[in-house]
Amino acid sequence: MTGREMGSSGEIWVIAEQRGGKVAEVSLELLGKGRKLSRELDLTLSSVLLGDGVERAADELVFHGAEKVYLFEEERLGYYQGDAYARLLTDIAREHGPEIILIGATEIGRELAPRVAARLGTGLTAHCIDLHIDEVDGTPRLVHMVPGWGGNLVMHVVCSEKRPQIVTVKPGILPKPERNEDNKGEIVRVKPRLRADDFSRMETVEVVEETAEGIPLEPAEIVVCAGWGMNALGDLSKAKELAGVIGGVVAGTRPATDRGWVGEDQMIGQSGRSVRPRLFISLGASGAMHYTTGFTGSQVILAVDKNPQAPIFQVADIGIVGDLGEVLPCLIEELKKTG
Amino acid sequence: MGLDILVCIKQVPDPDHFSEVRLDARTGRIVREGIPAIINPLDRNALEEALRAKAKVSGKVTAISMGPPQARKALEEALAVGADRGVLLCDTAFAGADTLATATALFCAVRKLGRFDLIFCGNETVDSGTAQVGPQLSELLDIAQVSGVREVSYTGDNTLEVKRVLEHGYMRVRLKLPALLCVTKDTNQPRLPTVQSIMEVAGKEMITWTATDIGAPREHVGLKGSPTCAVGVYESKSGRRREIMQGSTEEKVRRAVTRLRELGAI
Amino acid sequence: MDFSLSREHEMLRDMVKEFADKELAPRALELDNKREFFWEQVRRSGELGLIGVINSKEYGGTAMGHLARMILIEEISRVYPPMGFFHQTGNLFMYAVETFGSDKQKKKYLPALCKGEKVSAFALTEASGGSDAAGLQTEATGDGDYYVVNGRKMWITGVEPADFVGFVSKTGDKFSVFIVEKGTPGFEVTRREETIGLRSLPVNEFALTNCRLPKENLIGEEGRGLVCALTTIATIGRTGAAGVALGVARGCYEAALKFARERVLYGKPIAGLQAIQFMLADMNVEIEAAKWLCYNTAWQLDQGKTSRDLAVDIARCKLYAVDVANRCAYRAVDIMGAYGLSPEYRVIGLLRDALELGVAAGSQEIMRVTIGATITR
């Protein structure tokens, strides 16, 4: 059974997002998953890119596995434009009939995807944590795995009839594929025939970048996350020291963010960032589900908390039950000692 | 004069009780009974923004919800903070709806209620968190739409300018009414009802409609109208090692560091 | 029997709960330790319509009634008893003016009080005793269009910041209730008591020294003051104290329950130990009983019954609720061990607050006098 028997064009698309010509990490992560699915289902992995002066970005998509890139370039598409982007994507999707469309569940993706899905009258599954193929009566189908209820449950969702089936995935959930400059791919330049009514009722007039405080979270190899329990120490200095000793980045839970210890863009959790570092250290956070979903993709999880019943110990690899005031200095010393 | 404003709200299980959710082993379905329900937190922000719009440019605020009979309570809460009228879409035909089917039901109700100038939604709900219903409803209504709205400026003459958040920064978007805006928790501070406004609830209009009342085709709402559906629900399993270190603080830390090295974490 | 609360009462409870948890709780401990009051929260309470719940809309009130008042005082006191007690004492003057005062007085005093822009106090107690009301010494002598008042009042909650004070005075061989406004010559608030509980609410003495008050400052008729005062204290003071007690009891219970679930001794949470469970069970039963006693009394007041009809009910609910609050506070401190005695946690403060409730609006023994004398009549 092959994917071609499922739909018309034999393609799986990744709608790539770019900002200022740089491809969003999540789009590359989706190419990784897309590649895997394309092999399993015998589909072509294509990507769609809209923007202005984004040729280099199109190349990056190919270097990360896209076999084909539909490139829309136009000055007026430089910023994300809600109506224009939605129409262009809908039109090209109708024209080529991809089987599956993957979109990053970014701020823009979460707005664009449902609009395109509604125009196409098709199904959309939001913020999947994984996709896999299973078989029903010998027919392969794509199963979308979606966390719900604060991460306590995982739903398996399918879009049985409508095509394309559209899925969004949050950044930091899927692994990024290898970059290979030897990859070859076809760049298809599409002329975006823009109309006056693409901008008449809605127009983006400005995009303002605000740099995040501190080192970006998602690519970090080691993350030290401060929870409410750090209150006993008064501030994050020990957490920062620990991060410094092992080369990690400091983040926080929702209570820590509310407290002002870390900024909103360093908040880990359901309503914040997701990370999958090599090592995730949770300090003084009890482990509520809407927090743990933010780091379940981590390779190794170390948790420190004073409450032995804290749910965090259920999702950690290594657990230390103890007073943060005692454990942290000790941990810092031990790590310094053994280099 | 003034604007006709609509707010879409949803009654959801209280997130503080999420860990109590269970799966029925026999049916594989989620058991919600006994878990207290609240109005979706971001919908309170949507309501607040609607009430502020009403105060700024005058108008009437209608709150609408698609849900079971108990969702009426969420609509009453909307009336208690100042919405003028509540509409409940309640019918077994609506059950099992995915976001497109939900948006379709809301669309049919809006069509019956008449034109709206401005529609506010919360960006997402705390249970499913798809953030899809707002954008999809706007498509069915064929009106302008922006999510992640942090600030709204009424620039006069049926136009708006909004500040829309991005991961690192924001976007300014100009819109023409009618428009649908999805707001975040940082958009405003939702007001509390007052004793006076609570006592005014009884005098406000509360409409309940079925699928037939709003002319919603059965094959486009509920489970039948949902392109996506759940084929299974599972409790989240954690494949973690769960090794709790023992001994004195020093011993625990030493052992932990050793294990982390063994696992290749440091 | 349908014991369910109306939709409006449930909504009120939800609103006050959120107000208390979000706006009162964060500073409760700090204000108690510093003996500072939440004056801006008083205005906020007025904004939400909570202060004038027993006053008519015509004068700025919300007229939601006594059961509404009971519920809101309970929910506030669960988190911050001084503020609940403020509603108790602050409503006394407002009720007296609404029920016995002239239209002119209502228009003059009530709107600002309902909004929380001004505050009031009500004074009965003197050195001669509060329980022995008829033994009071303050005297007002007629002088043309004025009265000249001399006397001292003691243990008056909220008089120090009060803009308006209602007080009981002898006029000849009968009693009358007068209004004195802040700044009136001859009216002086003196020493503040170092109260052990409800520390954020100032309790002071005040003196009236040849204080001249115009005749229009009489609430109701001259000589009919005792009826006004005792009705006010029973209808508003005792029910209010009962409401505070309910809140304190629940606050203790919830704190103890939470602690018991989290505190691990002998390898498991102490909530699994029978001794602890028994204590929590006793708290649970008593709070439930006190709640219905109080709600029923308030509901009956809403049905139009007078404080005379309900003399026993009112005394009963105050007596029982306050005893329950004290017992629950003590048990909570016990359950929480050293943490229970620590000023960092809530319960020792709640225990201190519970102690103050004994003498509020009439001592526990006066409640027994009321009940005992009535039932044996």
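Which chain is which? They are A, B and C, in the order written, and residues in each are numbered from 1.
One rule holds for everything that comes next: contacts are C-beta pairs under 8 Å (C-beta built on N, C-alpha and C of every residue); 3 or more make two chains touch, one makes a residue touch a chain.
Since this is a predicted model, take the numbers as computed values, not measurements.
Peer 1: Which of the two pairs, B-C or A-C, is linked by more C-beta contacts?
Peer 2: Higher C-beta contact count between the two pairs: B-C.
Peer 1: If I average the Cα coordinates per chain and compare with the overall Cα mean, which chain comes out closest?
Peer 2: Going by the distance between chain centres and the overall C-alpha centre, it is B.
Peer 1: At what distance in angstrom does the C-alpha mean of subunit B lie from that of subunit A?
Peer 2: 22
Peer 1: Indicate the whole-number Å distance between the mean C-alpha point of subunit B and the mean C-alpha point of subunit C.
Peer 2: Distance between chain centres, rounded to whole Å: 41 Å.
Peer 1: Per the centroid of Cα atoms for each chain, what is the distance between subunit A and subunit C, given in Å?
Peer 2: Using C-alpha averages as centres, the distance is 55 Å.
Peer 1: Tell me, which residues of subunit C touch at least two other chains?
Peer 2: Residue numbers touching two or more other chains: none in subunit C.
Peer 1: Send over the residues of subunit A in touch with two or more other chains.
Peer 2: 308
Peer 1: Taking the complex as given, what residues does subunit C use to touch subunit B?
Peer 2: Interface residues on the subunit C side: 7-8, 11-12, 14-15, 18-19, 47-50, 53, 62, 64, 68.
Peer 1: For a test of understanding, state which residues of subunit B touch subunit A in their complex under the given definition.
Peer 2: 13, 15, 18-19, 21, 23, 30, 98-100, 103, 126-136, 138-140, 143-148, 161, 164-176, 179, 182, 226-236, 238, 240-245, 249-250, 252-254, 256-257, 259-261, 263-266
Peer 1: Touching residues of subunit A toward subunit C in the complex: what are they?
Peer 2: Per the touch definition, subunit A meets subunit C at residues 307-309.
Peer 1: Please output the residues of subunit A touching subunit B within their complex, sorted ascending.
Peer 2: 79-80, 82-83, 106-108, 110-111, 113-115, 117-119, 121-127, 143-144, 147-162, 165, 200-212, 222, 246, 265, 270, 278-279, 288-290, 296, 299-302, 308, 311, 313-323, 326-327, 330-331, 334-335, 338
Peer 1: Subunit C touches which residues of subunit B in the complex?
Peer 2: Touching subunit C: residues 76-77, 80, 192-196, 198-199, 201-202 of subunit B.
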